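What follows is a set of structures for review.
What follows is chain A paired twice: with chain B in the first complex and chain C in the second.
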Partner chain A sequence: MRDAHIDALVNIVGERRCLWNPNQVRAYACDGYTAESAIPRAVVFPESTDEVAQICRYLYEHSIPYLPRGAGTGLSGGATPTGGEVVLSLARMNRLLAVDFDHLRAIVQPGLVNLTLTRRVAHEDCYYAPDPSSQSVCTIGGNFAENAGGSHCLKYGVTTNHIVAAKVVLPDGSVIDVGAPFGDAPGYDLLGLLVGSEGTLGIATEITVRILKKPQALRTALAYFDRVADASDTVTDIIVEGIIPAAIEMMDQLAMQAVDKSNYHVGYPHDIEAVLLIEVDGLAAGVDEVMARVVELCRKHNVREVKVAQSDAERALWWSSRKMAFGAMGRLSPDYIVQDGVIPRTRLTEVLQKIEAISQRHGLRIANVFHAGDGNLHPLVLYDSRVPGEAERAVQAGSEVLRACVDAGGSITGEHGVGIEKIGEMAYMFSADELQVQRAVKACFDAKGIVNAGKLIPLPGRCVEVKHARDIIEDHWQILNSFPDQAEVQVRGARAHGAGAEHTTSVQG
Partner chain B sequence: MPLQSKPHPADTAEHLANVIGLHHVRIVPACTLHMHESSQDVCLAEPSSEEEVLAVLAYARDHGLSLLPCGAGRLLAYGPPAEAPDIWLSLRRMNRVVSLSQGDLIVSVEPGLTMSELTSTLTSAGLMLPYDPPAPADATLGGLLSAGVSGPRRALYGSLRDMAISLRVALLDGRVIRTGAKVVKNVAGYDMTKLFIGAWGTLGVITEITLKLRPLPMHRETVLAAGTLDALGSFRERIVQSALQPSRLEVVWQGETDKTQDWVLAVDCDEHERSAKAQTQILESMAHDLGLTVETLEQHAADTWWADHAGAISDRMVCIRLQGPPTKLFSALAPVLDTIAALAEEPRNISATAGGITGVARIAFDPARALLDDPACWQKLRDVIAASALEMTVERAPTAIRAQCTTSPFVPGAAAVMQRLKQTFDPEHLLSPGRFLGGM
Partner chain C sequence: MVKDSSSMAPRLTDFCFPDAPEEDKYSVCVHCGFCLEVCPTYQAWGDENHSPRGRVFLIKSCAEGELPLDESVIDPVFTCLDCRACETVCPSGVQVGALVEEARGQVFHARRERGDTNALMRLFLRGVFPRPGRLKAIRRLMRFYQKSGLQTLARSTGVMRVLPPQVREMEDVIPEIDAGPAIDVLPPVMAPKGERKATAALFTGCVMDVFFSDVNKATARVMVRNGVEVQVPRDQICCGALQVHAGDRDMAREMARKNIEVFEQAGADYIAINAAGCGAALKEYPELFHDDPAWHERAVQFSARVRDISQLLVEVGFDPPKAELPMSITYHDACHLCHAQKIRREPRSILTSVPGVDLREMPDSDRCCGSAGIYNLTHPVMAGELLERKMDDVPQGVDAIVMGNPGCMMQIRLGVKKRNQQLRVMHTVEVLDLAYQREETP
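And now, the complex of A and B:
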């Protein structure tokens, strides 16, 4: 509804760059995580740091909740309104402000698309390393907020390793510079905190990134394994051997079936359990030798077939097949949930077995597509929302997968972020103290707690309930042991709904 | 609340001795722990575990005692001069390797472990932490992390902020938090690890550090090209614009050699042998084009050269760090060195190195008497550096010099956030008081 606040926003950016009509803002009701959505109060499209600062200052002064948004390709609901917020879309701030090829730095606006940056510096044989699968549409600002990863993190790191400085608009509208293009900035590492803060601490409006020279040569291999365990052992062995490939990706049979039905048909055998996509890069003089060693290690672990790409086209097909895996799931199932757990790489086989057990227990297929070198799993839980109860079971299965990752010493998210989706699992990974400290850090930036509120860090009430439910289970484990699954369900219920008493009492009962 | 007087150091020592053992608590003049400290008595406590650290923190909190967490004390000549703390919390005894996973390329260590202790453990497992700080080999990981310094290897591998993935931190209020996760990729919650890197122990006491590792390169090869600074600048540019993969790229002042070729550009390569040889060949032909003379060191000889290089920087009393685009750094080196020659006790003993990729330069020297006595001398250096549009940090210096460098380098907005962070973690300002930049 148009009100005085909308008028004030229009005053800053003009009629054309402020949407408030419910029909227009509906497109901003969620991001790539579609399970939850809510209509924002308005969507504004600033074009400069100054406009962002003016908007933030106004909204903060009037205690109007707001959140930033890039391309909206996030997979955890980080850019999804919870209802009535003003969305700051940074899509129009999409300029490449400066490139310094001599020192390998670029300054970009947050709305610049990830792959566009790589294309714009390609003529000097440079590229921007972090490459999430959505790189052709996602923005660097979104990558900044989510600390996005990609397929080549194993050797080249994630977004935080490539951002060296930024101009940031703080929640109250003040503008600060953080980081340093070279060396280290004095004082606390505010840049380090801001990257991956999911838009809860501030909005980066100018981002200085490192760009890299393209490696002289690449070799890519595809290896088929009869058994997942052999593929996992190969991954570990390659690394123990002292080789850090640019990427090691794995897909299981279900994922292979999906991608082979898509536009990128590779023709994977139907009776293998796992395929590895391994890429090594470096100086031309050395890559063949390294690749030969990788092939040898695959053979040592009973590979059925291993082939090295003979052309760029072949390499591109293999990569497309891998990068389009999520989308291809539509060929197998009407709906899916993608998870993003991380485990120590050496425990891959064990955790994959647990995932298989979870799949069987819930009667849902789980496809596995993941960055094996990083131990970053992307289990895709397939379900059909038209079947009553199946969506709920899929959410449960996904949550159990994440718990299996945490239990193995890992994390609930490696690159997709917590957002709304995994906020319940935060209390499983962190203690109440640890969450409280993170909330205190948030308050140092955003005392009113209105910037992208309800994301990333759960509110205290919610964790208390989870802990409470867990304590009850621990106190009554003898009784509950006879029906562990129900107990699990109750805990998740408490977490998912944030409801207290009746859930916990029913556990007790 | 009634004003309490602080307990006498002897009472503090007696209490702490009950908790962490008689042999690990002493009363000593601060200057015996670090040459730049005052002669005031402090209570030196050397806990051996996180529980003992918490016990010391609890006592300090309850009695309003200031604390200085430190390792070997190798990096302490930094920041504004401050009063001696009530409790000197040495973490040197917490020097265990907690866990090491070869397959995961991850190690967890206690903060008092030194670089050389870690290196020997890792080397025997065929691993390395690709980190070569400009500090003595007995500097501790906790100290290095808190100082946030980095060395030449940053060119390829980044700094500790790229390697540290998880910490355990004992907070003043008695809580222990874990930050991050012991896996190489993790975006759950805020990246709290970063907050404690370079925080100089002002927010909490780090009790465990988890680091990402790399396989130990089987082959090491360093090309040294000697020539004029201009020619080396062109060489640097060609290297950066090529697809070569230097793991370190530093231009280094060779004070004592012949005046015409007083600099070398050192290009290190961690690739395996065949690639390294190919890289060396390309470098040699580039160097010959530019009329530079080239020498190549391999394996142990290369390691020794880099170790000597780090030693030359960490041995001097004063070390200043300059930051900026490498081309600017290179062109500022000559005027900066000229100015420093007038400030140094022995110009021949000046060490200087500038990263051709990192954009970080360090110049180390022993100060002349005049520099300590006359602030105007220092101002001259600052003017020269300001004219080059570079940022300067005094990483190490006697108190007299540090006292001249107390202006806050922060812009107001950022300073406010930093002060709120400090207030959140240490509301009574007991942790390393006054030692952080700007006297925070």
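And now, the complex of A and C:
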């Protein structure tokens, strides 16, 4: 409802850039994670750092909860106003402020779309490397908040490896600069802390990113495998061999079916279990040789067919087919939850079997799309929210998938963030003491606990609840005897040496 | 907080009139947001409400009784250009255009029930466009206005200032209207040159035949030239696209039935259309008859025969002109050609077949020019911004901008006029026709 606070916001941004009527803010009830939604108190559209700072200052002073939002393509509910927050939409702060081609740096506003940045620097043969599947719509600010990944992060690293500095509005509205455009900023790594903080510690309003020169040449191959185990072994072999492909992506049969029904039809065989999309790049003199070796390794592992793209159009279609896979799920099901687990690459076949068992136990189809080179899985749990009980079953199935990933020595998220979706699993992955340290960090920035609260780091109360629920579920699991022993010691031991760490190092390669 | 799917008691919805947006259509949207950045209104305002995903969400919320049919739904549904750019990128195939049109149908009904209708709009939707006689009378009046010196007088005395600026601007770029519309001037049947490859009934359209009847005549000539027997069914009427866009679906259905009957009688292999907006509407006639199986079937049969002129020429095989036409052009993809009908390749293959024609692509050629039916009259600010962006994208040094839709032709004529440029605005078939004419008079 319109009140004095709304008037204050209107005073900062003007009538036209402030929505407050409950019916007119409904479109901001959720992001790309639709299983939960809530109505925001208002939506404001600032256009400058100064406006963002004024808004934050006012809201913080009056203890009014708020959260930032980019394009709203996040998949973990990071921009869902579960606490009836005021939403700061940064969509209108979409300018490319400066480009320095000599030093390969660009300064952008947070609302600039990822792919738009690449397009704007393409005339100098440059690009911005992190490429989430939603790169045609998602914003650099959103990528900053989620530490977004993408297909090519196998070789080039995730968002944090490409951001060197930022101007950040802190929860109370004060403005600081973190990082350094060149070299390493001394002191605590505040930039590293802020990237991936999911909008809980501040709002980046000017972001300095690295841009890269386009590789001289690239080759892209599509490989069809009868058995997923063969595809998985191929991936391991390629990496063990010392080849660092730009990307290795995998899709299973159900994902192939969805995307083949869309505008991005490739025509995958209906009887293969997995398709690999492999890209190598580098100097023109070397790529053919490397690709020949990749093809050889595919053959060694019983590939049914492997082909190298003969044109840019063919390559573009293969990539669209992979990148549009999530969005194409509407061809199969009205709703889905996409998970984001990370596992050690070598355990893919085994984890897929567990996912299949989870799918059968809940009577829900699960399609699989992965960044196979990183061991980053995206199981898509398909459900219909109109069928009583299905949404709850889907959330439960998703949670079990994540636990299977942690049990295999992995992590609950590779690139989508925790948001609200995986917050319960945080307590599965970390001890109470570990979470307490995280909460202490949050309190340093946001003593009132009102900025995107309830995301990323579970509140203490919730933590207890979750643990209680987990104990109940685990009792049931033991009765069903469908999972190995869940002893915490074992889980945590596995994690310390497992893929969580490996994922990080491999993406920095 | 997870949606409680167990309490699915039926709720009241404000979509209480027949022909409401269907669950099968909106439930396909998985909210991925891949449509946002191609949507002209989202690009301009950055407001989720005015994005394809937002509109579908609002329509769904209204259908499910979560939102009333008030301005929060009506406004976004009417700011939509219906350009369908979102449908081209949507991985799940959401028919955003059809949903928006159905939602506008609900608004139309609701407003009529409240007696809250725009008299002028109603006059045009019901009183003018569906009636060929009145359309022709307007055409004659406008010709008289141009020829008698009234136009010059009106402009010099400043009497035009009583009109809203967007109407005044359009008045400024109306092409010179010739003596007769194609539907009267062309013979009812035209025998093809050489071997008869196919028969086509020409859909002459309303706006096209009032303002650009030359394009209709050129369309007939290029078909004849390429072995197509052309029929011009006299009793055809406007396609009803404007009514669909405005939500007057009952009127649109009435017009569709009339056209289906007329073209069934003509019995030609193809129904040829040179206006992208009308072509899309004709191909989508089945959407109007969900609740009427008999007419639905007839609409399906009808739609299967509809071809855009560029599509038809490529399908039957056209002769590349032999004469040289030295001209540098750029091509604008009309939304209802590239997005609604998925036709991009055919016009380009026609244009590049002409010796001497140098086709220079413009960036984002498939972004809406702001015409969008009567959008440039109802939402002049947005339409003006889009026109500016379109004109910015026109490559330097071209002689003409070519396209396949009369609405875009009017809008881009306005853009050319505003910038004082020496640029021709042409339809694809006009270029081909010009090249053929050069063969005869070397």
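One rule holds for everything that comes next: the second predicted complex is superposed on the first by the 465 of 509 C-alpha atoms of A that agree within 3 Å, B and C clash if a C-alpha of one lies under 4 Å from a C-alpha of the other, contacts with A are read in each partner's own complex, and residues count from 1 in each chain.
Everything below uses one rule, namely that a residue touches a chain if its C-beta (ideal position, glycine included) is under 8 Å from a C-beta of that chain, and two chains touch if they have at least 3 such contacts.
Because the structure is a prediction, the values reported are computed rather than measured.
A.B. asks: Mind working out whether A:Q24 is in touch with chain B, chain C, both or neither, as first, second, both or neither?
C.D. replies: Touch partner of A:Q24: chain C, not chain B.
A.B. asks: After superposition on the shared chain, which partner residues are touched by A:G72: those of chain B (first), chain C (second), both, or neither?
C.D. replies: The second partner, chain C, only.
A.B. asks: A:D226 contacts which: chain B (first), chain C (second), both, neither?
C.D. replies: neither
A.B. asks: Please indicate which partner A:I239 is in contact with in the superposed arrangement: first for chain B, second for chain C, both, or neither.
C.D. replies: The first partner, chain B, only.
A.B. asks: Quick one: name whichever of chain B and chain C touches more residues of chain A.
C.D. replies: So, of the two partners, B touches more residues of chain A.
A.B. asks: Scan A:G389 for contacts with chain B and chain C and give back first, second, both or neither.
C.D. replies: second
A.B. asks: Does chain B (first) or chain C (second) touch A:P334, or do both, or does neither?
C.D. replies: Only chain C; A:P334 stays clear of chain B.
A.B. asks: Sort out for me which residues of chain A touch chain B in the complex.
C.D. replies: Checking each residue of chain A against chain B gives 100-104, 124-125, 146-147, 149, 153-154, 157-158, 160-161, 170, 174-178, 180-184, 186-193, 195-197, 201, 213-216, 236, 239-244, 282-286, 289-290, 342-346, 371, 374-376, 409-418, 422, 426, 429-431, 433-435, 437-438, 440-445, 456-457.
A.B. asks: For the complex, give me every residue of chain A touching chain C.
C.D. replies: Residues of chain A touching chain C: 19, 21, 23-24, 26-28, 30-32, 34-38, 45, 71-73, 82, 89, 91-92, 94, 111, 113, 115-116, 134, 136-138, 259, 261-264, 324-331, 334-336, 385-392, 395, 420.
A.B. asks: So in the complex, the part of chain C that touches chain A is made up of which residues?
C.D. replies: Going by the criterion above, the answer is residues 1-3, 5-6, 8, 27-37, 45-49, 51, 54, 57-58, 61, 66-68, 70-73, 88-94.
A.B. asks: Could you list, by residue number, the parts of chain B that touch chain A in their complex?
C.D. replies: It is residues 101-106, 126, 148, 150, 158-159, 161-162, 171, 175-179, 181-195, 197-199, 203, 214-218, 237, 240-245, 271-272, 274-275, 277-279, 321, 323-327, 357-360, 391, 393, 409-411, 413-415, 417-418, 420-421, 424, 436-438 of chain B that touch chain A.
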